[in-house]
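In the two assemblies presented below, subunit A is common to both, partnered first by subunit B and then by subunit C.
Coming up: the complex of A and B.
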């Protein structure tokens, strides 16, 4: 435990030094810090995903999710609880560091089969939401050119405002602007521009919590400004660094579920 | 009235100057504030329930009209050259400010959902242009294996692929239209690129129609001037008569601009009407002047002019007021451009009346009488004798053969009534073009290779959420699709939620064809849909079903945008109404093709309504003016004959009713009334003077009959020019206006004349 305390002190010292140096931080450094802020190795949570169509109709999905991240591969398994007609459907995703494409499996109880899904695009929408896999996963900061625009207060938090332009001209966004809370290195807001430079989406972090030392965004809302479609993702019952063994991530468990 | 005119005519020069100044003022308004409405949606009554619903449905399912660009390579499309063109053009279109990137669909943007033994593979067909033989072969196999792409984005003979750019109604402009054509042109050779789709058809029409009219109207005017000159044999008279038309057109359009009303496509019919109607007043006035001068060779300039005004103001005012009222009846239409058309044409007609009564006499006072024909007296008397004999012979002939004339008329009317029963309304835009024009050929080309360039949307709405996850409902939707595709040659394809379910079912069962069906488990369908949302682009799904699965959109692709094709499809779809209603699902239609259909129905309905209303008003007005109800009825004869024959001939010649041709009934009324009133008024005057039926007839024929014939001849010659127009609707218009003039003229001088004669009206005392 002593070692832990020591690390914590070091960590705080580091944060203080960084704050002092804040003015000299580059846009790249800010985004890099936000992406690489400490994250738990495992996580259990209930994800409530609310999809709001432009006409205002709502669909609510409730999913139990389990994550295990060993820095090389992030494994995630999800079980649908609601709505009733898809209860028992499960989804498993292995996300690799580096360029390797994700591996995905789905189990449909009505078909009683586990199927592999392969997709070549990080630009696909996650479960029909307004989030792409790329929006959820952390995009490698090296893929963009970053520029710090200004510092401002948003929702009572001191933020850096950073503009990021992709090096790949064919990327689905032409530019993003991110608000990163100073010292917490957590994103508070992000706006996305499409290929033509038009405003496409706005992401707002409605709530975030510090759970056992980790800053976790618990309620996020993405609005597609073109279609006026909204997605609200709400994480509850979060447990970090609880036991999520590697054995959870198998086809057998996908079919059976985690009791 | 006559007093005011006489007073004004005391200062003819100031009067001319005054009229000219007013015209200048209106012209300035027109230049400063005149604008053309090109958004076709603005033509439709926005508050009509069918339009309100369609607009809502278009929002729910993001239904938009697409510009279709076909890339043809006769050697086949699977080579890196063609594929890289598809990629580059797709990207260029996505970068246009009028087009949303996600609204462009091509092989480059489409996803391929493949079923394999172990799972599901969602991939773009290509991002990097394939170069090697193996890569190209693989792409070809992938496309062939995907029913949602093969035959839809790539033709089954693999020589054509399409790029579809869907656009909002309000972004289309002439500039954008030309930019699209220019952009596409760059990509030609060795591939051949074709551009089609409803926005392009509408754009071409909005561009070609007025352009053609601008070119043709001056030619029409020149011909009318020439013919008028031949008939009036005097330059000044011709000029004054044409100035009447010219002034009335400028006043009408100037007032439109002053009131901030834009010009619509139908507004180009206003000058057409004013030409046909405006020359009549002048012709009748000059006709009277000629006769007066012949009888009173010693009369002074002002004596002749004042006699002309005194004798003619009444019929001129009567004809103009009745005609104006006829046009004002168009206010009963639900279609705004038609309301405005009626209103401003009525204003133009009244302008023509005022200008005729002031400009012509003032002009004569200032510039002198038209020279009396200085022919040899023998010639003169010969002509006169011939003319008088001619009219006398005609009237005698008609009276002698009255039974035959009346029987022939009734026979013609019966045949026409039969023709009327065959008339159909055409909402098609494409049918307005030449059969061998580029736009029609391109459309044909795309229709041969793909499902169709026109669409019909069927909107199903349930009371409960998730209604469209039900297997029976999906199966019924699939049944309608199969029924229409198999039984109607005009239906080339269809698209609905059931296609997605069938595709998912096949893909999840190792891509075996026998699973290209709707599974009978609702939970399995729900899970497939979740899977699709997770792996494909859900926005595609929301084009066929609403997110709460309460509403669905069935899209049919038609190879023809005309009303017959649409109605045939609707007829078959309606058979399923009962099935859906028994499940609490309502069925309605949407989309631009359907709106066009409703719109033309509305126009026709408005036309029929206004024709009936104006017929009654006109009969009433005539009865009031002549203080005799029988006269009212007799006066309506030319109108009825002209209307029935015009529509009858359209039916017999298979000319469909459209926005412009439907307005022809108004011409019939406007012109028929003129002829009837002038004729009856003269008849009445001569009847009083001579108290002799035979003499009255001969004199009326000579006076009014001659003027009517002149009038008809001038306008017919003018409008026959339009029949060589390059734009078919304008051609039809020219032919039908000429025909209307001709039947009005014949109807007045034969049947109405006979009925008037036989009625013995104005000869009560001498009646046997």
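Coming up: the complex of A and C.
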């Protein structure tokens, strides 16, 4: 009987502790932990994007991408492999930790020259997918007001559910709701509402892996709830903290590719 | 002979495929776990290209076909850590002409730690301007269909050696072209042959219209470029040949009537030196571009009576300013281009100032399966233009259907002279 009481006390204590911990974290802190969770300094991967129309027809894009993040600037270079008509195209992005806007260049093999492009249009959709450039980047938590809505279990994972409202009223989303897995600090689901407050898109993380100590989303699916168009992103051939030297991020490599 | 070339090309491709020279994508990615490392993707030779049907109909007169063309473009390329090669052959088929097989590019590469060397036939593109050629003077142009083909098809590959030296964000490029190749003009009866008016029927003497292949006739270019977070810019110089021959016109005048009785035209290429540069940087949502060059040794046609061959040498400046921006998901790009002939005299056929503007608007729809684009060249001086509306639908991956039109306005100048050549056309392409 004493043992049962002891277990009951321990259980209650655990619940109280858990609740207290949750209560001690603000929505901002949860989103900040998710955005700033440990990330590798470098990453190589192949990104396969499958675009599925409402009628079920599929289009496939395949990209090799290399990233080097030295905490001041995150450099990314992407080489388009599929479909055939964009093969040889490359895209390079320098993202800065402060307020400085990203630098972006694109190399089009038909034109045989590297063009600087504006990074201002983060609301543009990436390669015909349902992801905007902003969806693919790490939005600064300070740009939104965050509020914990609840805690719930999703796909067997204990999650915080956080609502984020942009401080900039002209932002493309009026609100997002994010499910963040406790202790792993990785997003599991996100819902996007358009400027009118209507449901726009749903992002589901289908699979995620711990690769060399880093939690990485490997398969994600974005559905446009209005058009029923969907995009499945699959990250494969992932290598973290492998050699991705600064010389990869240059006009030379954009034109030539990486050998 | 052309048929023989074609057969040889077909045999080559069949043999290469049979011997497994080319990596097939299915082969490369067939087994899970056997996917190549990213850096290994380019270790095998890759075969790519496209098949395209291109049909155009003139909207004036009897609605004659402006063009019916079938194209088979093949690229074979392979790169390793130290070396690489690329061969790009293009086969054009026309219903009423012989098959045309051309080698657009064929080169080998050598890669070193801080230097690359490319030797062979290659397309070399310089500058920041779109659709106009200012510092972009290395590869000559194929003008058989005016400025209408895709830019990859307008450029003619040049045979030469190109070396690039790299340090940090800097690149120094040297080019040596041992053999000169000039602009490929439209054929005699082509609807794209530029109009030329003479008081009497001229006699063309085309013996001079070539540059002998010799070391002293070779061309040399150099370019320094810098790509930084703040700005990208290039400085260039070249000792080259003018890609277009100058028409030296000799008149025979009747001493009694003072009327021209005969004209003898001798097309001739001349040396040209050029120096210039270009830049691009972003300012908020805008991408600002500029490009300019000074040319020395250009010959212009003149009506001055003291000139026995009606040409005179002048220097000129050509520059462009442009801006790109996106508003309401519509991509905009506009440019102003001005050419200024220095030490201009009123007897020159060309005006001192020649002003041109371009504007491009483009928008994607349906997750980038549909693109609507409108591009216009506007010749400000002659109030003539070329308008190019286009609709492209991506029916499937690599399969594009393009419906478009070329609309010429005005009556004179670069575009107005083709006012009867308005056309609608389609291009259906499958890339592999």
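We adopt the following convention: the second predicted complex is superposed on the first by the 237 of 259 C-alpha atoms of A that agree within 3 Å, B and C clash if a C-alpha of one lies under 4 Å from a C-alpha of the other, contacts with A are read in each partner's own complex, and residues count from 1 in each chain.
Following the convention adopted for this analysis, a contact is a pair of C-beta atoms (placed from the backbone, for glycine too) under 8 Å apart; a residue touches a chain by one contact, two chains touch by 3 or more.
Just so it is clear, the model here is predicted, and its values are computed rather than measured.
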After lining both complexes up on subunit A, report clash or fit for subunit B versus subunit C.
clash
Just subunit B (first), just subunit C (second), both, or neither: which does A:250 touch?
second
So in the superposed three-chain picture, is A:106 touching just subunit B, just subunit C, both, or none of them (first/second/both/neither)?
first
Figure out whether A:128 sits in contact with subunit B (first) or subunit C (second), or with both, or with neither.
both
First (subunit B), second (subunit C), both or neither: which does A:117 touch?
both
With both complexes overlaid on chain A, does A:91 touch subunit B (first), subunit C (second), both or neither?
first
Output check: A:51 vs subunit B and subunit C. Expected answer is one of first, second, both, neither. What do you get?
both
Does subunit B (first) or subunit C (second) touch A:59, or do both, or does neither?
both
Which superposed partner A:213 touches (first subunit B, second subunit C, both, neither)
neither
With both structures fitted on chain A, tell me whether subunit B or subunit C touches more of subunit A's residues.
C
Both subunit B and subunit C contact which residues of subunit A?
51, 53, 57, 59, 83, 85, 105, 110-111, 113, 115-121, 124-125, 127-128
Contact footprint of subunit B on subunit A as seen in their complex
51, 53-55, 57, 59, 80, 83, 85-86, 89, 91, 105-106, 108-111, 113, 115-121, 124-128, 170, 194-196, 226-227
What part of subunit C is in contact with subunit A in the complex they form?
25, 35, 37-39, 41-43, 48, 50, 79-81, 84, 111, 116, 123-128, 150-152, 155, 164, 166, 169, 171, 225, 227, 229, 232, 280-282, 284-287, 324-326, 329, 364, 367-369, 394, 396-398, 400, 429, 431-432
The subunit A residues in contact with subunit C across the complex are 44-46, 51, 53, 57, 59-60, 64, 66, 81-85, 87, 94, 101, 103, 105, 110-121, 124-125, 127-130, 229, 236-237, 250-252, 256-259
In the complex of these two chains, what residues of subunit B are touching subunit A?
59-60, 94-95, 97, 100-102, 116, 118-124, 127, 466, 469, 508, 521-524, 526-528, 530-531, 533-539, 541-542, 546-548, 550
